[in-house]
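Each of the next two complexes has chain A plus one other chain: chain B in the first, chain C in the second.
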Partner chain A sequence: MTLTRTVRLSADNGLHARPAVRVTQLVRSFCCAVEISLDAAGPWIDAGSIVKLMAARLLPGSLVHLRATGTDAEAALAALVSLLGDGPSDGGKPSNPSGH
Partner chain B sequence: MEESQAIPVATEMPVATERKGQAAAPGLALAPLEELLPTLSKGSPAQETKADPDAERSRLEQAIRAAIGGLNALVAQADSEAGEILAFQVAMLEDPNLAEPAWQAIATGSPAGSAWTLATAPLIADFEGSGDALFAARASDLCDLRDRVLTELNGTPAGPLKQQPGATVLLADDLSPSQFLSWTWHPGSAIALRRGSAASHLALLARSRGIPMVVGLGPLDAAGHQLALVDGDSGRVVLSPDPVEQARMAHAPKDPASLSAGDPYVMGPARTGDGVAINLQLNINGVEELAGLNPGCCDGIGLVRSEFLFSQGLPREDQQFQAYRRILEWANGQSVTIRTLDAGGDKPIPGLSLPEEANPFLGCRGLRFSLAHPALFELQLRALARAACEGDLRILLPMVTLPAELDAASALLDKAVADLRSEGLPARRPPLGVMVEVPAVAIKPELFSRAAFFSIGSNDLTQYVMAAARDNTSVSSLHDCAHPAVTALIEQVVKAGASLGIPVSLCGDMAGDSNHLAALLSAGLRRLSVAPTWLGATKRHLAQLSCGRS
Partner chain C sequence: MNPAAPLEDQLSLVGIVVVSHSADVARGTAAIVEQMVGTSVPLAWCGGDPSGGLGTDVAAILTAIETAWSERGVAILADLGGAELNSAMAIELLPPERQSRVVVCRAAIVEGALVAATEASCGSSLEQVRDSAEAWQP
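Here is the complex of A and B:
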């Protein structure tokens, strides 16, 4: 199945270097294919590729579209929304425990 | 190497050359100067005969694998901060999309080196040209990984760095994270860059290792100079500093991390020779400067420059809260004075568009800037009011000019506390103090009777009283904090504080300068705040002074 979600990147966190690495690691921990785009109409890029993510230069505060295809698509999108977004995600637990 | 290194004539000492750059990692260092000449990163030399695609492809594959291996070896030795930075490079190299254009170029006859340079060039150019400071700063990571692979291809030994046996001030156009990590940083070393950025991964590394660094020096000819001073707090770099400056440096322990171990005065009392106790606090740019220091060495933190939180873009409320809380934890019940964001045309913040001003020192900086950006300011006040539940936190407002500005900040703080409580978050209203650096405040301190405390910022006060910009070397002789006009104002503020019942401290560079300690004591000051580097030297000099006489 294919699911889509949109999320606004938090105002102080664009997808540069280290945050982008975290996204690719998260994506690759699921079996489904996840794509990301700045426009609902595409072009879609592979969210598991650090090179593509960096080249897309997703700046803080951008609205991004996520599209996942595969059995665990729903869980993958929930985890990504909680990693990327500003506000509380609906469904899905935050992926990283808030330690110190 | 295009310049023939003439042997410097030993008879004549080169004249001191001073530059003002941007402070990127705090601390002071005085060490032999080593210039790092630009690496050749133009790809393989021009033996552009038709290359064998199969052979070139496997050469490049091997070089990429070797570069990944080299990075992983560095990751294994790195702390978590450095590890994450290197992991980004590893992830880039492991992504087949990176080399994709190179395979195509090789298939059409390109040698491996030019194919690799070609593949990485558009990404690098794209980042360099992106308007975003953080993405632009990543371009140097990409150049770094490009050069790693080229080095593997060309078979030259890793890094052109000539390791020196002792402390070194490394001067370069720019430095890559892996060059930084491959260098053995002897205590007392520092970095001075003609270009570079305070938002770079390199700056993060330098800060976490305690290596002072100044960036953005612009053109600087090092020929003939053998010694350099780097002040990573003020952004000042001096080549061939004069003997007076060198002597002053000699009193400063060179490695802040080894302060507690090295200098017996650090843990000793802050007391004058005639037994008057001085409240001596620390100025810091971030919690990592406190690593290895025992909180018992000081009376708390007199100045936290909260700009450190903004070096990577605008921090979230929670990030700020956690950072403040860590400092309070270290202070272990002692007071911690946090200065709100001191941004302005002379202190740019990545991610904030600052006004283009002809004269930024007289423009929208400090509290003026914060009041003009209430959303940003409220976020910081919320984080501070939350952290205030965890210890003795105080808020210091920079560049206050009018009592109405203090009142406006005070109202915003009240609102932040009320909002937090209505959201069910624990909050406490910290005392609100005024930084005395604008002459209007120093001349009429009694107008600020509602301030909880005064903290004199001697650097800015001096530049405003003397009308000599502190970043303008042509008027540096006028920038004299010991001028009677400046010390008279300091004395006046101390007296006003005493009659108003408002405590007064001084947190500028003047407090850490042994030449001025006596003047500060005779002005009546008993509360000082200095950089951790100066703590031991300040206590030593205090012990030689007495308050009884002038």
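Here is the complex of A and C:
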């Protein structure tokens, strides 16, 4: 089972080091494989890899695509959207692009 | 993970040791790691020579390894050639059964420590921790 979600990174959540650590730890606490991309067509990167997340330099306000495969994919994506986004509405504004 | 390992060993996390020529760099690196990754990972640091100047000290590295010791192993992040050399000497002074469970990562000290500790916090093996730390490229 593969599920997909999109979420706009909140102003606090460009994937610089600290949020990248949180995402890695969250993803690795689930069984499913989770990938993240700036484009629905990919390229997809492993959201359980701190190295790849830090290298991706995703900026606050970016719309990111998430996809997860595995039995707990739904719970993993819900937790990730909650961690990364501003909430249920897609209201993130691309402000404070340095994010630090 | 080795399924034959005792359960308590499977549950423990790889430890991280930060070794710098400067106590300030080592302390600051450990502070970054602790704030970003949390306190679940055994973490220790040492820096400076015994007289308070710049350098590294084999005895202090040994103590740091013991402080961060985990049955899953310990990954060392060092900042310059001498730190790496003295870390290798400290490993040689460990009891034989522990020597193979301590590795020096060839990685930038701050980013390497952050990546290694993150990997360790996820329950990764010593090899995975080292591989991730060494994979990071700015």
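Points worth noting:
Throughout what follows, the second predicted complex is superposed on the first by the 86 of 100 C-alpha atoms of A that agree within 3 Å, B and C clash if a C-alpha of one lies under 4 Å from a C-alpha of the other, contacts with A are read in each partner's own complex, and residues count from 1 in each chain.
We adopt the following convention: contacts are C-beta pairs under 8 Å (C-beta built on N, C-alpha and C of every residue); 3 or more make two chains touch, one makes a residue touch a chain.
Bear in mind that the values here come from a model prediction, so they are computed numbers and not experimental data.
If you count the residues of chain A touched by chain B and by chain C, you find the higher number for B. By the touch criterion defined above, A:57 lies against chain B but remains apart from chain C after alignment on the C-alpha atoms of chain A.
In the superposition on chain A, contact of A:21 is made with both chain B and chain C.
Of the two partner chains, chain B is the only one touched by A:10; chain C is not. Once both structures are placed on chain A, chain A residues 17-18, 21, 24, 49-51, 54-55 are touched by chain B and, in the other complex, by chain C. Of all the residues in chain C, the ones that touch chain A in their complex are 36-37, 111, 114-115, 118-119, 121-123, 132, 135-137.
Taken together, the chain A residues at the contact with chain C in this complex read 17-18, 21, 24-25, 28-29, 48-51, 54-55.
Contact residues of chain A toward chain B in the complex are 10-14, 16-18, 20-21, 24, 46, 49-52, 54-55, 57, 59-60, 100. Residues of chain B that touch chain A in their complex: 84-85, 87-88, 91-92, 95, 97-98, 123, 126-127, 130, 132, 134-135, 138, 141, 201, 313-316, 319, 322, 326, 351.
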